[in-house]
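Input: a single structure, listed below in structure tokens.
As written, the chains take the letters A, B and C, and residue 1 is the first residue of each chain.
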Amino acid sequence: MKSATESFKENARAALDDAQLQRALAGLPTGLVANRAAARARLPEFEDLRDVGRDIKDHTLAHLDLYLELYERNATAAGARVHWAATAAEAREIILRICRDAGAKLVTKGKSMISEEIGLNADLQAAGIEVVETDLGEYLVQIRGETPSHIIAPAIHLTQDQVEADFRRLHTELPKERVLSEPSQLVGEARQILREKFLAADVGITGANFLVAETGSSVIVTNEGNGDLTQSLARVHVVVASIEKVVPTREDVSTILRLLARSATGQELSTYTTFSTGPRRPEDPDGPAAYHVVILDNGRSEMLGTAFREVLRCIRCGACMNHCPVYGAIGGHAYGWVYPGPIGSVLTPSLIGVRSAADLPNASTFCGRCEEVCPMKIPLPKLMRHHREADFELGGSSRGYRIGLKLWAWLARRPRLYHVAARMAVALLGALGRRRGAFRSLPLAGGWTRHRDLPAPQGRTFQQLWAERKAGAPR
Amino acid sequence: MTGPLPSKPRVGLFVTCLVDLMRPSVGFAAVKLLEQAGCSVEVPAVQTCCGQPAYNSGDRADAAALARQTIAAFAGCDYVVAPSGSCAGMLKLHYPGLLAGDAEWSGKAKELAERVHELVSFLVDVRGMETVDAEFKGRATYHDSCSGLRELGIKGQPRRLLGSVKNLELIEMADAEVCCGFGGTFSVKYPDISNAMVEKKAANAAAAKPDLLLAGDLGCLMNMAGKLRREGRAVQVRHVVEVLAGELSDLPIAGSK
Amino acid sequence: MTSREAILSKIRAGLGAGRDDAARRAIAEERIAARARHLTPERVKDKSPDQLLKLFRGFLERESASVVEVDSKQDIPSAIAGYLRASNLPARIRVGGDARLTQLPWGSEPHLELLLGRAQPGDEVGLTHASAAVAETGTLVLVSGADNPVTLNFLPETHIVVVEEGDLVPAYEDAWEAIRARFGARAMPRTVNFISGPSRTGDIGGRLVMGAHGPQRMCVVIVRRPAPRT
């Protein structure tokens, strides 16, 4: 997928001015955030499970080559065709070839962030294949020509009114006078339209929440059941999954499943968790005749030897973005690439380069809420700081900012001089602002005073007053 | 720490650059509380800033230099106490990592970390303070600053002491634990996003209808006070230690409405 | 070099691991062989069958599934007929080859029509038999095959699932043990479905709507264990 990470500030500004988007985002705290808190409260072991989940992933990543080989061996034994793709382009080629070999005219897709990452749809469409996203949120985004703005709720930026308008614009074969004022009516219409696609599809493409080394299974987790219809009704099922999705055993998956839905939506478990192993068996009356798995690297293996290995624990629950006050303010599109929110601010610079995505790790207050809720205990703020350091090394931040920072640091390292300068600055500002107690505007402080008053200093520094007190002068 | 604690511990006050520059009254309130808690207070003159602006901007070299300066400044104290969760967190949790590769200083950083505390949690958890001798007539609400809350676990301590302030009614606002949007250099680099965050915070604070909004970090307080004042909302904003020390003679932050 | 080799060797380089490290390989293979359990939620530890059943029911009902209990298999047809009637649903049911379902005394409900085979587009009611039920989250475990074709779980608007109380287990790991016992230590049927309620979506305005793509309604018929003789 093309990135718009470099225009982050403009994207954010536009998002803040988008009243429709702001209405859509307003429900986050009372929805997903409150639901997670309730689910966590119902399971006293939740915090212990986070440690266990982290350990499972750490162990797997430390033996990733071996578990991938074991996965491949067991999947192949069950009749899967396993493909390896080092890059996004290679993954697209492999999938396109599978579709062509199958004579595919229509491809249905379950929700897959990896397919967004590799920009799959455009290639398939260019080859004359109709591609239909079947996760309702993905479908809403696809018919608008947009990208997902959240990894588990792709259309969280849309309001119900927008959906109704899109359906009326697009589904012209349906009667104009139909009523679409309720979400259930909109869902019903999408169900009807997409049901035809499921039944007619030649190839069904899904992602994978996990690959299980023990059995060679791929696992998807959904609430709609769209992934199951995608993979059960098409002749060919293609799974596209990145290397870090593998876990050793079904016991390991079970443990992580206890964290996933609770962190994501606050459900005890998502409605459907499906383990798929090989193609349909000779005696099976349904299921895909062929089953392919495309294992994608796309830069991840290079993260293993760095501090960023930890981010490969991510299970894509979306809790970090649900709890992020920056995401809550600007939504997902402003981040400019596939993965928004805190996880995107760490993953995106790792995958597309820190210089083209420097704003992402910088646009955080390090409030730490993401790390607090991450089921895999990924130290997201720490990793964002690592990106900032790399960016700073490479000459990131504006020239003015760098000069200001260096000047301040130079002074702060010289306490005697610093305290003299502080005294003078504070005396001046104090004299100017003391009467009102705050400034409405101030040279060089425009970023601050555009939106809020700047409190005035009290007029003398603490060090100055302390020295006087020590010398016996009254305060 | 080895050996018995001295009966009157020597506490080095890490003033923090914002308190030093903007609101020295917070520093004096801190000194008063520490003395009430049986400590003797020292204020090393060679301290400046904990180094977070550099550290969070990716400038490790300058941050490390300031870390070394701070460690040296507080070498002789039994405790190092700061009226800020953010700066205390920097000293306690980030200096050791920052200086991990420095043979001469990494041990000193770890040793310092053991002695560092945020002020209110120090009073309650280390000095066993249960009540304060102070009074405020009105409703107060407390904003949990992020670093104090999530890095140092400061949540109950300020509320406990506020509960002992005569005539003070402590109320909770919605989303007290959500960031106010200050974030140090964040507020300067991303002013529009910062503003969206502090707008929500100001709205939540105002909705609780307090007379007083409190927190333990001056950065957050200046941000919230500046927004509340710009919006013309009649909520006074103060550092929590001013109330706990009963030092309310100075104007509230950003003046009064 | 193939992409496979390139990826694996980059991974090994990142991990600082050798190509043929027998000790590492042994760790991975032993972990899989051991299939160690991690942490079982307290809510299902040392619970009586009745407590587990109550928990299982409670979660399913919370997730908007209907739950019916019957004392004997013989009562299943009438329970299903009763549910369909009460919900104003058609009396035509699609079912796979599972003898536990096809051999029931359907004659007692002559108006019910049974269609055999995988789900077809027009089917409105699908009936399957679960291989296990997991108490910890109210989850049904269904395995695909000729007995219970996977499409029955997803295509019809109404999904009726029969599960025997004897197959109710505390935790997911117990369900995996049952599957291992039936299919072999590392073998799996084409599809194992964990299902915890009817299909749903929150993608429009954040409001929960049932029946997104899969079934709009789900009815779980629990066959109680025969009461111990006195």
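Criterion: a contact is a pair of C-beta atoms (placed from the backbone, for glycine too) under 8 Å apart; a residue touches a chain by one contact, two chains touch by 3 or more.
Predicted model only: the values in this text are computed from it and were never measured.
K.L.:
Farthest chain from chain B, going by the mean of C-alpha atoms per chain?
P.N.:
C
K.L.:
Give the chain pair that accounts for the most C-beta pairs in contact.
P.N.:
Maximum number of inter-chain contact pairs occurs for A-C.
K.L.:
Averaging over Cα atoms per chain, report the distance between chain B and chain C in Å.
P.N.:
So the centre of chain B lies 53 Å away from the centre of chain C.
K.L.:
Mind checking the centre-to-centre distance between chain A and chain C? Centres are C-alpha means, answer in whole Å.
P.N.:
The separation of the two C-alpha centroids amounts to 30 Å.
K.L.:
I'd like to verify one number: the distance from the centre of chain A to the centre of chain B, where each centre is the average of its C-alpha atoms, in whole angstrom.
P.N.:
Distance between chain centres: 32 Å.
K.L.:
Can you name the residues of chain C that touch chain A in the complex?
P.N.:
2-4, 6-8, 10-17, 24-25, 27-29, 31-32, 35-39, 41-43, 59, 63, 96, 117-119, 121, 136-139, 144-146, 149-151, 153-155, 171-173, 176, 186-207, 209, 211-215
K.L.:
Touching residues of chain A toward chain C in the complex: what are they?
P.N.:
It is residues 24, 27, 31, 43-45, 48-49, 52, 56, 59, 62-70, 74, 78, 84-86, 90, 134-137, 140, 153-156, 158-160, 163, 183-184, 186-188, 190-191, 194-195, 198-199, 213-217, 223-226, 228-229, 232-233, 243, 248-252, 254-255, 257-258, 265, 267-281, 283-287, 295, 297, 301-306, 309 of chain A that touch chain C.
K.L.:
In the complex formed with chain B, which residues of chain A make contact?
P.N.:
Interface residues on chain A, with respect to chain B: 9, 12-13, 16, 29, 325-326, 329-330, 362-369, 371-372, 385, 387-393, 396-397, 401, 405-406, 408-409, 411-413, 415, 418-419, 422, 425-426, 436-438, 440, 447-448, 450-458, 460-467, 475.
K.L.:
Using the touch rule from the top, collect the residues of chain B that touch chain A in their complex.
P.N.:
Contacts found on chain B: 15, 17, 19-25, 27-28, 43, 45-49, 51, 53-60, 62, 65-66, 69, 146-147, 150-151, 175, 177-179, 181-184, 186-198, 200, 222-223, 225-227, 229-230, 250-256.
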